[in-house]
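Both of the next two complexes hold chain A, though its partner changes from chain B to chain C.
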Partner chain A sequence: MFTVIRSKEAVLQALASTVNRDPTASDYRFQDDPYLTPKTSSEFKLFSLSQESGRNAAKYFISTYPKYFQKDYAQPHIPCLMPETLEAQIEEVSEAALIERIQMRKVKAAVDLYDQLQQAGTPVSLDVTNQLLDLICFYGDCDPAQENVPEQRNEETEDVQDEPQTKKGRASKASDKLKAAWKENNNAERIFALLSEPNTHSYSALIRGMVKYGAYSKAFSTYTDLLNNQLKADVSTFNALITAAPEVKEKYNEKWELIVDLLKQMAEQKVKPNLLTLNAVLKALRRCGTVGKSQAFPVISEMRALSIDPSLASYNHLLSIFYKPGAPFQGQTDILQEVMNEVSGKSFTPQDPDDAQFFITAVRICLDTKDIEQAYRVHELLGVGENWRLLGNDFQQNIYHARFFSLLCMMENIDVVLKWYRDLVPSVYYPSSNVMRDLLQALDTDNRLDLIPQIWKDLKQLGHGNRQTLVEELLTLMAREKQNQEVQETFAECALDIKKMYDTGDRGKVMMSWTAGSLSDLVSVLLAAQRRQDAWEILKLFKTHNRVPSEELLDKFLTCIKESGDVNQALELVQISAGFCLPGTPKLIQRVQQEFLLSEQQKSMLSDLEIQTFNSD
Partner chain B sequence: MYRRLLINIYQVRNGLIHTQNTRLPSTKCKERESFAPVIWAPCTARPLGTSSISFSENKENSTSLSEDKEKRPEENEAKEEVNTDGQKSTEISNATLTLQLETEPVDKPEDSKQVEKTKSGKESLLELLGAMKVEVTTVRKIRPSKTPRMSERPDQEPMESTHSMFQHATAEGSQQQGTLNPALVAAVSAAASTLPNRHQAESELLKQLRKHEAVPDTQRRADGQNIGHIIADMKVGGRKTNGRSSARPTSQIRFDDDGKGYTQDRGITGELDAVRRRKSPFTSKRLNIFTAGMEQDTLSVLGPTLWDIDLANQIVQATNQAPRNGFEEMIQWTKEGKLWQYPINNEAGLEEEASVPFHEHVFLEKHLDESFPRQGPVRHFMELVITGLAKNHHLTVQQKKEHIDWFRDYFRQKDDVLKEAEA
Partner chain C sequence: MATSLVRQTKLLSIVTSQLSSAACFRNIHCTAACLKNRAARIRVAKGDKPVTYEQAYHPHHIGHRKGWLSQHTSNLQGEDGAAERVVEDVFIRRFMYGTFHGCLADEIVIKRRGNLLVICAVMIQKLLPSKFYFLIGYTEELLSHFYKCPVKIEMQTVEEKVVYKYL
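Up next, the complex of A and B:
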């Protein structure tokens, strides 16, 4: 009989594949409680972090007080819901106790127990000792810190803008290394020295630990030791050594020669390389300058011949070899295009931690080269299969979308930009104020300033309503040209809304302060919409905020007053102008005298003013 | 900003193409003036447009060549102005400029050819021949023996593509130098065979063709010198079209909303170049360190070490594992063992019974051993019981056995009562 073997998730997978992304809905995480739907990127971070930290808190309590969580409701029994045992159960000094401590990753306790066993003269098998070496080398002879959840890492980078992220990532890695360096004669080396016949596994553990904690040259000398003992290294040892290769040599050529030498030794010892070998070589080539460019493709061909297909991490390294950030790329054949030809339409599974870097690297290159065509291909690739998982965590997703959207704003027609804008914002992406400025520029370029009121609404919702530079730019754009009546009307509404933003000062956040430019822009917008009364109110704000209006603005205002023929207001305007001691006041007085019908009293008042200004000059 | 520059350049280029293709005075530049008023002053755009119109008119009406030559410097000057306008765009427009200059000398012979063609009596036939000739040369182009200039520029520029065919035609002609291509001769004779006076027609055609070969050659040399002067004056040289600058502008411009008439201009040669270019660096030579079918020495593998677990953990942390919808969350729970598994066949939940064959469930008579009477009401009752049990799919075999065992015990306890009743 013919039966199809399906995994136990098959039905759910089929069902899940029927659900498409809804561009109007927020992330699935937030759908439980509509009240907690994030509207800004900071809210998004806050809510997702609190969810995660809630889980962690629960886990912490269960693990700390397991005695209160012994009742097993589940039928059948669900192991993962029960508290883990964190205390060692076996008290006696035996190999079993050592194994238990190794499994619980208690480095110090395991080392102590091993020493006790040695002192008592109890032999410990080589396998267990190797496991112990693994444990010590992995944690660099320190007890592991409290388990870290990926979400928590973002917290520190919260205020960092989009661009310097890569720096941040590197910095945190570097600090990890600084925290725990390989110490001379640490427990790992001591226990290793006690072994009468260390095997490949023992050497492997030691070398990997040394590479992980920065003792690169020591790793190579240990490898020489291994060869002298007539042993063979395993593939992970070679991978670690290849990673360390660029660290121990100075010149590009020497680095590459060392890598080739290691690869040749692998072939000699009949060790089959794996994907991680390929990625390690490519990653090392990133630090080999021009040699990297010439050797990257032969390396990939070599691995292809061994039927090792590159993963996204390999392509990421490849792109990094050819496109250095900040460096100009000239005379370069289009590597990105070639890479995209290779990967397009393929679904990738995560195989390397660096896989998650590919998309942001690719889109960065698109942004640098202004290559919108490839950017679309990158974005398309993201939609294939499970590739969306490889976009990485929230922070990386944000960078990716910021770059992609900036590129769109720069290169695309505004209609296309807005289509993407509606698709991405805010369901997957909360744009930063810089990106919103790009969008405004795109609006400006394609002469679609009539959309500004809509964008302002979004800006407010995204929490950028109090970014002074952004708001001022918005006002300038609205005030710059005269639009048709309908648009002017919406502009005026929008401008008044912006004014409210200045007034309220959102919950203790930094209030925006009026500048002469923003005030006069606001007045111009209102005047253009024939809202003289509102404009008059704004004009008064000049005085309260100690700003000085420009002469052109007052001139414009006067023209507007003239249309309605309000003599009193015209006089008040002149008074205001005189109050600021503007040099253009006499001109204004002259205009009022000529263009308005004045009573005797008003005339005398004007002449008084004229004399005053004359005297003050 | 960047896009605005690109739009400008493209407008101009579009303007040129449109006038040449449609031979109508193009208002394209004028229409777009409002679009990008900042950089593109209309005064620079217009001379360009008009010169290109006259350029195309020349071609059509076949007026004297000298007039055309007069026009050309003007156009070049206009082009130069384009260069100074956009700072970022200089590279791109330089590329187009050099391309255009390269293609222009070839254009001239074609004009002269057309002049003669119109005089000829068998006009339609000659046109046919012209078409044939182009075809022959483009087929040849696939082989590597062709003008090196073409291979330098993989991507076709719009200006070039309109002329490229003729260019190949003349390039081919210069190689032949009087002796005509045998394929061409064959084509001529084939064409002539359709006419009544076969031999005369054939020789006439061949003569005509030879004339075409001769005229352009001399003329081209003269033109080449002329162009040489212009190029020297302009000092365009500097950057030759490298791979990037030739590939980039087309791909960017293709996204402009006004790409009409452009893609079809690319022509056969463009496609051929694209095919040749598709030789990916991914198929480059290998290092030849490892041998392909290498057998790995099997090391003692003890299952996943701490390092392997950590690698898996790192991968999980690096990737996005957050579910996108309820089903994906349920998948996650299923993997963690928190959720009842969705049935994937009709044996869901029968894990403990999976190894038990069906007859154990159905044929339960063997359990009615000698502890039950061979006949009588008890036997009859028990037979009914096992019939019922055989049909019950809720119980496991073990439970069915226990059920029968319970009755066995029960009847054993009631043994004396049964005996009394003589059952």
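Up next, the complex of A and C:
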């Protein structure tokens, strides 16, 4: 009998593979209800954060009153649903207690206990001391931020030590005087000094901690100590040192020579490099300018020979070496293509924290080089296997989609753009106002201005309805050319809707102010749709908002009035023009006198006006 | 004195033996009366009391015009745990009533699928969505830890309570 052994989730996975993403649904975190679906990116963030804070509130209660949550219904036992013990259980001063505190990541408590043990004279084994050193060096001698307590920002403004502050550990409570920088003579160094026979692990912990928290030259001096004690370093120590190499030397050649030196020593000490070594070398080469460009590929091929396959982080560093942001590109466009040839169709697992930068870098390069083909390949790669996990957090996803969509708006015709727009927005991506402006430009290029009212609806929903530049651009686009009748009608509706956005601002919303240009555009749109009454109302707004209408506008208005034949309105128009002391007023008066049938009274009024304007010139 | 007591107990035993004979079955009632013809029924009154669909139909309409508010498999042949499910349901209903105070538009529907507990609720749009999400996260986390099984909330909102008729 040939029965295939399948995993327990096989059926579910098979079903899941038949369903694609639903472009009409919002993110899985949210409830499927129109009131509860986020419509702007700020709402997205607000809702997911409030859900998270609700969870934290529940966790607080569970950990404060654990006795109500002890009853175990689950078979088999589910450990993550039991209350966490946040306080250390073992109270007496012993090595077991130290191990417990190390596992609970309580840095200060562990250090205090270690000191107590030393004072009591109990010997602590080297393994446990190494674990303690690991703990201290990883967290930089501060306690990691507790999850239930809201993080307070570090208010300390002590002057930074000589090393610049690079990577930040989660430096937590403001009450501590410790910062996210390696302090002189901190606990790690102190405990290390107390060790009689530090081994490779101890040195490794210390060096990696120093590199993580910015004490680069110290790291190198500790390494020399290690060599002087005839010890060998392990692969993570070398990785840390390679990362630190560009910081301690100035010139590109020297940096590279130092790295090569370290690699040679690695070979001498028979330490096998791993993927993180490759990534560290490539990352360091980013800081090495032209040397980086020449050495990158040889490094990769050597590592390949040692059967270390590059991960997405390696490709990310490679692309960053060759495509510096802001630099002109000459003859390098094929590198992206080669990289994409390498990675297409493969599913990657997270192996390095920098893996998440790959997609953003790749799409930035596509945007800068205006390469839509490669952009499609990058996007396709996202759909392969588990690669979607490597897109990063919400912020990075936003950047990725913004760049991708801007590139599409620039390069593709409007139908393709709209297809992607409907696919991505707003289920995956909430565009910013800049990207929406790119979309408007794309509409303009392809002469699809009739879609503007729909885009305006989307803009309002996305919360960009009160951005002045965007709205003014909309009005200008609508007013520029005359469209056919139905489109003009929709434009007029849209324009009146826009006017509402200017009028009443809700509490807290940014108020927009009318400019002469926007008011004129509004009037032109309404006139083109034969809405004279509405346009007349808007014309009065010029006075209230202290803006001056242009002569062409009043001319156009007069033509419109002439079609309807309303003499009084024509006269009022002339009076308005005189009120603004426009230089075109005499011409207007002449037009009215010629084109309209005037009564005696009106004629005399006009001639008075004419004299008035003539005198004021 | 002792003889009169003996005589009285003998009388009592004769009486009780007569009582437990086939002729009469009236026994002593020790619990409160559970009136099956008054449970979950809102009686017709003046005509100004708004009533939802769930409240308007009486329990004998369950399965005909109403659905079940609590769905689990412990009432099937050979399955056990029905009483525990009932107690859990009662707790969950009270918990939801208290946590989302004043927001519930109708009774909560509780569905159990395997290990998963799904609480389906219809809410009035009384709170801001961010507050709703806070309470949803809190409820899901707390009830998951309490019952040691994943708990999910599926929520729908309406603008105001949906009135079926006025009784």
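Keep in mind that, in the parts below, the second predicted complex is superposed on the first by the 548 of 617 C-alpha atoms of A that agree within 3 Å, B and C clash if a C-alpha of one lies under 4 Å from a C-alpha of the other, contacts with A are read in each partner's own complex, and residues count from 1 in each chain.
The working rule: contacts are C-beta pairs under 8 Å (C-beta built on N, C-alpha and C of every residue); 3 or more make two chains touch, one makes a residue touch a chain.
Bear in mind that the values here come from a model prediction, so they are computed numbers and not experimental data.
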Return first, second, both or neither, reflecting whether A:Leu81 touches chain B, chain C, both chains, or no partner chain. both
Check whether A:Ile611 is in contact with chain B, with chain C, with both or with neither, and answer first, second, both or neither. neither
Quick one: is A:Asp33 in contact with chain B, with chain C, with both, or with neither? Answer first, second, both or neither. second
Check the residue A:Ile90 against both partner chains and state whether it touches chain B (first), chain C (second), both, or neither. neither
Touch test for A:Phe61: chain B only (first), chain C only (second), both, or neither? second
Can A:Asp234 be said to touch chain B (first), chain C (second), both, or neither? first
In the superposed arrangement, which partner chain does A:Phe69 touch: chain B (first), chain C (second), both, or neither? second
Shared contact residues on chain A for chain B and chain C? 78, 81
Interface with chain A, chain B side, in the complex: residues 1-4, 35, 242-244, 247-248, 251-252, 254-255, 257, 280-292, 294-297, 299-300, 302, 305-307, 310-311, 314-331, 334-338, 341-345
Which bits of chain A are touching chain B when the two form their complex? 3, 6-13, 15-16, 19, 21, 27-29, 78-81, 105, 127, 131, 134-135, 138, 150, 200-201, 208, 232, 234, 236, 260, 263-264, 266-267, 269-273, 295, 297-302, 304-307, 329-335, 337-338, 341-342, 350-356, 369-373, 388-393, 397, 410-413, 441, 445, 447
Interface residues, chain C side, partner chain A - complex: 125, 129-142, 144-149, 153-157
Within their complex, state which residues of chain A touch chain C. 30-33, 35-36, 38, 43, 46-48, 50-55, 57-59, 61-62, 68-69, 72-74, 78, 81-83
